[in-house]
Each structure stands twice: as structure tokens, then as C-alpha cells.
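We call the chains A, B, C and D, going by the order they appear; numbering starts again at 1 in every chain.
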Amino acid sequence: MTNQELAEKNVRDMVDNDPYSRWLGIQVLEITPGKVKAKMSVRNDMLNAFRVCHGGVTFALADSVLAFSCNTHGKISVSIEASMAYPNPVYEGDVIIASAEEQSSTEKIGIYNVSVKKENGTLVGVFRGVVYRTKKEFSV
Amino acid sequence: MTNQELAEKNVRDMVDNDPYSRWLGIQVLEITPGKVKAKMSVRNDMLNAFRVCHGGVTFALADSVLAFSCNTHGKISVSIEASMAYPNPVYEGDVIIASAEEQSSTEKIGIYNVSVKKENGTLVGVFRGVVYRTKKEFSV
Amino acid sequence: MTNQELAEKNVRDMVDNDPYSRWLGIQVLEITPGKVKAKMSVRNDMLNAFRVCHGGVTFALADSVLAFSCNTHGKISVSIEASMAYPNPVYEGDVIIASAEEQSSTEKIGIYNVSVKKENGTLVGVFRGVVYRTKKEFSV
Amino acid sequence: MTNQELAEKNVRDMVDNDPYSRWLGIQVLEITPGKVKAKMSVRNDMLNAFRVCHGGVTFALADSVLAFSCNTHGKISVSIEASMAYPNPVYEGDVIIASAEEQSSTEKIGIYNVSVKKENGTLVGVFRGVVYRTKKEFSV
């Protein structure tokens, strides 16, 4: 299996077996090793009391894209820390697209930046995640 | 209205009008100005592909508690940045409890630490949120 | 004054009047609005007990580059929150180069990613800073 | 050696061999396993262009206290990620005091909150650090 095939297989396996990403309606758009892009539509049941998309939902899309990206390599990786800045609000009906960029990947630790944008390009999330690479072979 | 009455009113208004917190099943346990405690149970549809509670769900509980806590004071406050470290995994059936502590609150900026624990005391999230206080009177 | 001239003037004014950046030996390499690149050499008095560059020093270079970048626009901006992941260690004698990228800039809030690399390209810091834009005209 | 003796020995060894903490003028006030408190005075050469203590300096005090706290246990621990919110400015002549609290410590990962306050109690830094525990016995 090539690195690209492994990446695609792992992400497909994760998406197919991830109940919460399914609830979010996440659709994967692009997969390369260390780098996944995915989108979702913001529904009414994802809003907070101010009728704005709940910060936890925007974060969750980025966090799923982080999990997909860091697990393209073949060992199970788990989040240690993640953070997000919120430049602009997201509303019901918005389609938001998260793109991960692997910044660093060593035997133990991976660091990923994820940006979340609306379809019109408006930036709505600047996310960073740090993952720990276990010794366990990937399987879901 | 006392500060305590205002805090309770605002949090109740938010909880009653927050579709995503309702989906999460968040129950508020304690309310004082700047400081809210709430819990939820982790269901199957909140898991990720490794059968562990999705990081976005644990984050969302903390983020809701942040939003409740920072809006106890009477002006609408919105998240600018939030981050979370994940010391231990959460599983289906776990009840997780988030407690906010206001670290600082000025006219413009509020800083809150939120810890998330299982009922047995196991720490599962160490969260911090920074909010911007708008000039708008609180209303949902 | 063009935006580019304003950016250069503000950064030069800051560098000339910043005692701690001078102690660090920071040299500015590139200035455009919202985007500054600078470098420094790691000296013996910047090491920690493990003979590795102190995390606070790598952070400080990124934080100076953040301050320079967010103050290119003409209002005084101050840091609210900043964070850094450390992919690789830095040693005495290393030259480290920090490059800021403005992610978002609104009337009130700016968000910047800063990467810190050695001259050979090794990534040693993945930094993000969030700043608050005051109404005060820039002057040092 | 008791855990307390080990903690004190390790922190003393670190302080005695840390050139940058010496430049900062850090004085350790309290040591218990997982928990160190230290202070420093802000000098003119620690200011930025706005005559405010450089964010990197406040961060560095917290980061040193993190390093001391996480290395009280006997294995070398290194920072993976750290972040800080800045509630209030620090000026020349201020004495700032950082206190770490170990939130979680497993075989691989430690999470620490550090608060930084002025002598009068004003909060000036809300810091969190995540460390990776190597298998190497502590020695400096």
C-alpha cells in the first residue's frame, strides 16, 4: 500500500465509524498524508442561545479533521491539546470547510494547524492541535 | 435584581434557548456570578471512530459552561479563543462535569478556567477560554 | 504615508525602543503590513538547565514578531493570548527565524500565526497570538 | 530520598544550572512535588517598546515554574505546548509571582496551570503547559 492509499484507507475507516462526525454531517473533500480537508453545513440544532453556531461545533469539525489528518500515517494518534481562535461568527445554513496542514510529525508528537472558512472564504476558526503517536497500529 | 439573581436569570435564559446544549443534554448544577457548573452524559452518538468520546464534545461542554459563566454579568460576551488539554479519555456512559472559575474580568476581556471531570473525580479536560465583552445588554 | 511606509515606520520605531528585543538581539528581516519576519542567535545566557534554549526565549522571539506585525496598521494593539507548540529543541549557536502571517484583522481583534525555524528549515515553534486593537494611535 | 527531598533537590539543581532563569532573577519560594512557586522583579531591560513588561518575560517566568514543577518527579520532562492569557499589564519595578498547580500527571504526559500575580494580587498571567515525560532519569 502506498502512503496515499494508507491515508485514504485510514480516513475512510474513521469516517465510516465515527458517530459524532456523522451527526455533524462531515464530508471529506481531500485526503493526502498528514492533510485532510472536510466540510459540513450548520443546522439549527448546532446553534447556541445567541443563534450563532456553537463554538463547540466549529471546534469539532476542526478536531475531526485533525484526527483524520494525524491518523493518515499508520499508528493511532490521540489529541493531547487543541486550541481555537474565533475570528468571525458562523450562522445557520453556513457551509464551513476545515483544512489541516501538518506542521511537524515526529515519532511521538504531531502538530497541526487547521483553518476553518466559510464557502465565501471568511475565516471562522484558527485551530491548532497537538497529538501523541501511540505504538498501536491503526485500526477502528 | 441582585448579581446572583441576574446570574441565574441569564443562565436559565441561555440554557432554555441553546439548541446545541440541549442536544448535548447539559444540566446546570450551580450558578453564581462568573462561575457555573454543569454536567452531561456521554451517549453513543458522541463517540469518535476509536469508541472514545469525541474531543469536540468534551470541549463543547466546557465551552457552554464558559458561555454561561461569562454571561452572568449582564453584557453579551463572546469567545475569542479557547483551548483544552485532554488528560484522560471519556467513554460512553460517563457523566462529565464542567466547573468554571473566573480568573479575570475587566470591562473588555474575561478569562476563565474550566475543568472537566468524571463523577469519580478523574480529570478529562483542562480548558481555558478568553471572551470579549460587547456593549450589548444581555438578551437571548 | 502608504500602508507599507506606515508598517516600516512603526516596526522600526518599536525595534528602536524595545529593550528586551534588543537584549534578545532580534534583527528584523522583512516588513509588510500585518507580516514581519525577524531572526536572532541563541546565546549561552538563553539556555535552560538542560542546555537547551529556554522555551521563554523562543516564545519571546515569536511574541516580538507578533507585536511588530499587529502594530503595522496604525493603532496600538496588545496581546490578549498567545500559545506555542515546540516541535524540536533549539541549542546554543542556533539562528532562529520567526515569520508572522496575519490570519484575521478586524476593528477589535487580530489573529496571527507565527512559525519559528532554524536556518536549515527545522521547525522549532508553532505560535499563535490574539491581539486586541485599542483606539490609541500608534506611538512609542 | 522522600518525594519532597527529590523535588527540592531537582529544583535546586535546575535553578543552579539555568542561565536564563538566572538572567531573569528568578527566586524559588516554595517547592513541593508537582508544585513550585517563584518570583522575579521586572527590570528596565525586560520592557517592550510600550514601556510594558515584554510578554515573553512574563511567559518565561511561568515557563520556568512549569519546568521546575514537572521535573520534581524524577524523570526529565519537556514542554510540548504552552499558552498564556494576559489579563493585566506589568510594569518596571513590579514583582511578579508564579504558582504552578499540577492538574494531571500520567506516565507520559503532565498538565500544569500556572498563575502569575503581582505582589498586590493583580493577576497578570494565566498560563497552561503540557509536558512529555521522557524515560531519562533527571540530571542536569
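Structure notes:
One rule holds for everything that comes next: a residue touches a chain if its C-beta (ideal position, glycine included) is under 8 Å from a C-beta of that chain, and two chains touch if they have at least 3 such contacts.
Remember, predicted model here, so these are calculated numbers, not experimental data.
Between the interfaces B-D and C-D, more contacting C-beta pairs are found at C-D. Among the other chains, A has the CA centre that is most remote from the centre of subunit D.
Each chain gets a centre from the mean of its Cα atoms; for subunit B and subunit D, those two points are 28 Å apart.
Annotation: 32 Å between the Cα-based centres of subunit A and subunit D. For the pair subunit C and subunit D, the distance between mean C-alpha positions equals 22 Å.
Among the residues of subunit B, those in touch with two or more other chains are 80-81, 83, 85, 109, 130.
Against subunit C, the residues of subunit D that register as touching in their complex are 13-23, 44-50, 54-57, 59-61, 63-64, 67, 76, 78-86, 89, 140. Listing the residues of subunit B that touch subunit C in their complex gives 80-81, 83, 108-109, 130, 132.
For subunit B in complex with subunit D, the residues that touch the partner chain are 81, 83, 85, 87-88, 103-104, 106, 109, 111, 113, 115, 123, 126, 128, 130.
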